[in-house]
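Please read through the structure below; I'll follow up with questions.
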Amino acid sequence: MYIQEDGTVLSNIKISETYYDMTVYSPKIAGCAKPGQFVNIKCGDDLLLRRPISICDCDGENFRLVYENRGAGTSMLTRLITGDNLDILGPLGNGVFPTGVSRVLLVGGGCGAAPLLFAAKKNNECSAVLGFRTCKNAVLTDDFYSVCENLLIATDDGTMGASGTVERPVNLLLEKHKFSYIFACGPRPMLKAVSIIAKRHSIPCYISTEERMACGVGACLCCAIKTKSDKETYSHVCKDGPVFEAGQIVLED
Amino acid sequence: MYIQEDGTVLSNIKISETYYDMTVYSPKIAGCAKPGQFVNIKCGDDLLLRRPISICDCDGENFRLVYENRGAGTSMLTRLITGDNLDILGPLGNGVFPTGVSRVLLVGGGCGAAPLLFAAKKNNECSAVLGFRTCKNAVLTDDFYSVCENLLIATDDGTMGASGTVERPVNLLLEKHKFSYIFACGPRPMLKAVSIIAKRHSIPCYISTEERMACGVGACLCCAIKTKSDKETYSHVCKDGPVFEAGQIVLED
Amino acid sequence: MIDMSVEIAGVKLKNPVLTASGTFGFGREYAELYDLSKLGAIAVKGLTSEPRNGNPPPRIAETPMGMINSVGLQNPGIKSFIENEIPFLRKFDTKIIANVSGNTVSDYVSITEIASSSDIDFIELNISCPNVKAGGMAFGTGAASVGNLVAEVRKVCKKPLIVKLSPNVTDICEIARAAEASGADALSLINTILAMKIDINTRRPVLKNNVGGLSGRAVFPIAVRMIWQVKNCVNLPVIGMGGVSTGADAVEMMLAGADAVAVGSVMFSDPYTPIKVIDGIHGYLEKHGFNKASDIIGAVNVY
Amino acid sequence: MIDMSVEIAGVKLKNPVLTASGTFGFGREYAELYDLSKLGAIAVKGLTSEPRNGNPPPRIAETPMGMINSVGLQNPGIKSFIENEIPFLRKFDTKIIANVSGNTVSDYVSITEIASSSDIDFIELNISCPNVKAGGMAFGTGAASVGNLVAEVRKVCKKPLIVKLSPNVTDICEIARAAEASGADALSLINTILAMKIDINTRRPVLKNNVGGLSGRAVFPIAVRMIWQVKNCVNLPVIGMGGVSTGADAVEMMLAGADAVAVGSVMFSDPYTPIKVIDGIHGYLEKHGFNKASDIIGAVNVY
């Protein structure tokens, strides 16, 4: 179940060197969104394809997006101001994060932190490890701090928290605490590393994946992702995902 | 001699059902523009071609454009507000209206009135006939009234001035007054009619022509217009015109 | 009352607006947004005898006013289509076009045989897919192979046969005539144009398949030209497609000679496009005093 | 210091950025805006033995991210070019490419003979103009006729011979190989793609010529694909064109295999495009640690 809705931008703020934080009034979509779902946004008239962005937070009337300014589409989003109209398809995705469970370790890399915040709010006793390239691009740390029992940060350049990838802090938390679930979202190599760690600890692991999309609803078959099974098959990130059990997916580079 | 200049929109006002009146601060182009010349305007990033618009008035620092909202390009212009930047090539055109002469009859149809206002200001003892579809689209009448000795209006639907085309009012003025020149700008059938009248009265006639353009500067040869001579040849509106002696041009439909 | 219906190969469509194969799945996803009965017809995702996985991702790249895809005919196979999709589609009052492909002539023959015995309204022979190694476009770019394939398929095809042409050819008329001579009942065009995009930072193609098919508004003027050429060289109904985004585009294609038009890629930008296109055609007919949609087919007055 | 120079058929260009024939006149108009010596080379408007009037107006239509032209080789003739334009162009430190056309093989031979004896640097054989009734594209779409024409022209051509290919073909490699086998020194591609636009209010084509050639950003991904194909099937330098609008586009084409790139239609939107493209390539090379522009030619790492 998804719809097309004309939302209204309530705020759109630059929160780091390249990240923006946008709140959109979109009662129908926000009214039924689940953690892990995303919206597919029309970014102006001269781009044929919409842009998929995860729902970062949601209060039933408004949802929040945290997105990085990367190219033509997202840079168009950065120019929106309060009161502007936004053409949205959503909420999209059938593979979502579990909700109502306890002792979840959230592992986010870059904009991968976004969907995990929503997941943190719908579960109990969460801890989080967030990885960023550099302190200038660390986002959502306050939000996670206020909803998590433990929060560790890692930056590639060591300018904030641990130096390096999320792996060390993740192992640190796993040594000290017991977790029933791991949820991860971020770049492929990070998802791979976290999946391996989760498997070693025999903890159920859910990963949110990305693939280039067109329709966002399952009609075009563009967003294929390789699925584990005897013979090679594909699932589709927009319809079957974006969240999958880690064991289902072949994480190629 | 033309240049590219980033002008600044000083005002952009809707003046009738479909017409807009825009003043642009553009000191280099405005500093050397002549009546009959035009500018070629970039209308946003998703249109490959610029849009040619005649200079309607010019005070050496700013120029004024009066344009009709017709399609993708001009509708983009209507959205500009004070302070916006405008990428302009100009002043363009080598065929211009004579200046410093006296007893000029100006005949304008629709947006064809625009370049004639500038011409009126650079000549003496001018009279004007302006034709419009309907009173709701009559523009620049006050401006012409203040610089012309006589001003007659015609509308297709008779809602303002004479009913019908400009021909009757033109003949009326020609009966009552002596003119040394006729300048005309407007739709092809009007230019044809005025040229014939001018010829009958043996009055030198200058017409400002339109043709679809790409470069606007003479490089692409897209804006061809048939020129009278033994064999069929073409002149180019952007470089050789837009103003031609009426006798030079074959006015096809 | 304006009569919006058109006829393709003896089958009446309630209006001239279709969805293009591969951009509308089997209709399920868009049925959540609007009633599929509003559509003139639905061309379903390209089908093959056996299920197919399609090409590895990434399968899509964006280009100026267009996109390149290399999905490569991923589909559940004709059997699954007949069992699971036809019953769903038949709940709507619209026509079903089964778009079929194969690797070899006998593949094409056998899937056509199966598909045309099922409860569908048209077979659309996809001889123009640029994203598969065997079959597809390889069949569609030579007049002799098109003629031969269509003739073989014709023998077993019990439904009106639409042949879908590739734009990647020197002379579209030569191909159109070959299809006509071998028994096609209608033609559809254009399929996608072979294209490529390279990521300058990684210096790798964006598509794992290296190349793919270009579609979207960018190709519209090429499609209009080919439809006009084809309409002038054969006596078959033509389904036009390639970048249709508005009612005005649809009217332009119909003036060029299309008996119906299909909306494809632009759906990804606005899934309501087919509905808006139907309304747009209706508005045009009203404004210009036409009583029937069919009045504007091929009505361009060329110089 | 990054070496921006590239070599085409033994001639060194100071940088890989050219202007495309027909979009830059004979350079006079744009010389008012910037120093033509900044350009790698200038391809002048298509020339014929005798002056030509070209096609009746309207000659241009705008399309999504593109344009269709039907100028039809209006030019003052080769004699006037030699007398009036070469002396002007020679004031600048850049290379001159004479783009030549004819109605018949002997036309092509005679204009090549005259042009290649004049003070120019390259002959570019335009066998791909879609806007003339005789000659032009008719020559460029069959391998046999291309081979024959290039062989005849080669006999009299005293300058490096560039053959300009038409994209309106089924197999661009077949044509490229025919040109190579008959003695072409380099290839340029793509010329425009045949296209059409209809005004739905008048129900007439926008162009008086009914059809014309599509160019601009819309065709860029098609051009990149063809350049990549051609580079992989012949051993000739390639000049890439078709919708180049930024340094990134130029880099993409060079990665696909272009030894140099030409800027065409996008000039109409921003006449400074060639200068910006030169700077953009330079910036890319700097950022990615390349010392020479030629290092990125054909450097795409395909799957």
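Chains: A, B, C and D, in written order; residue numbering restarts at 1 for each.
Rule of thumb we're sticking to: a residue touches a chain if its C-beta (ideal position, glycine included) is under 8 Å from a C-beta of that chain, and two chains touch if they have at least 3 such contacts.
No experiment lies behind these values; they were computed from the predicted model shown.
Looking at chain A and chain D, the chains that touch each of them are B, C. Comparing the centres of all chains, each the average of its CA atoms, the largest separation from chain C belongs to B. One finds 36 Å separating the Cα centroids of chain A and chain C. Averaged Cα coordinates give chain C a centre that lies 33 Å from the centre of chain D. Look at where the CA atoms of chain A average out and do the same for chain B: the two points lie 56 Å apart. Shown for chain C are the residues that touch two or more other chains, namely 61, 64-66, 217.
Annotation for chain B: residues 46 touch two or more other chains.
Because contacts link each chain to exactly two others and close back on themselves, their graph is best described as a ring.
Chain pairs that touch, as defined above: A-B, A-C, B-D, C-D. Residues 45-46 of chain B are the ones touching chain A in the complex. Residues 1-4, 42, 46-50, 87, 89, 211-226, 232-234, 239 of chain A are the ones touching chain C in the complex. Residues of chain D touching chain B in their complex: 22-25, 28-30, 32-33, 45, 53-62, 64-67, 69, 71, 74, 206, 216-217, 265-272.
Chain D meets chain C in the complex at residues 61, 63-66, 68, 141-142, 168-171, 193-198, 200, 203-205, 208-211, 214, 217-222, 224-225, 228, 243, 248, 251-252, 255-256, 284, 296, 299-303.
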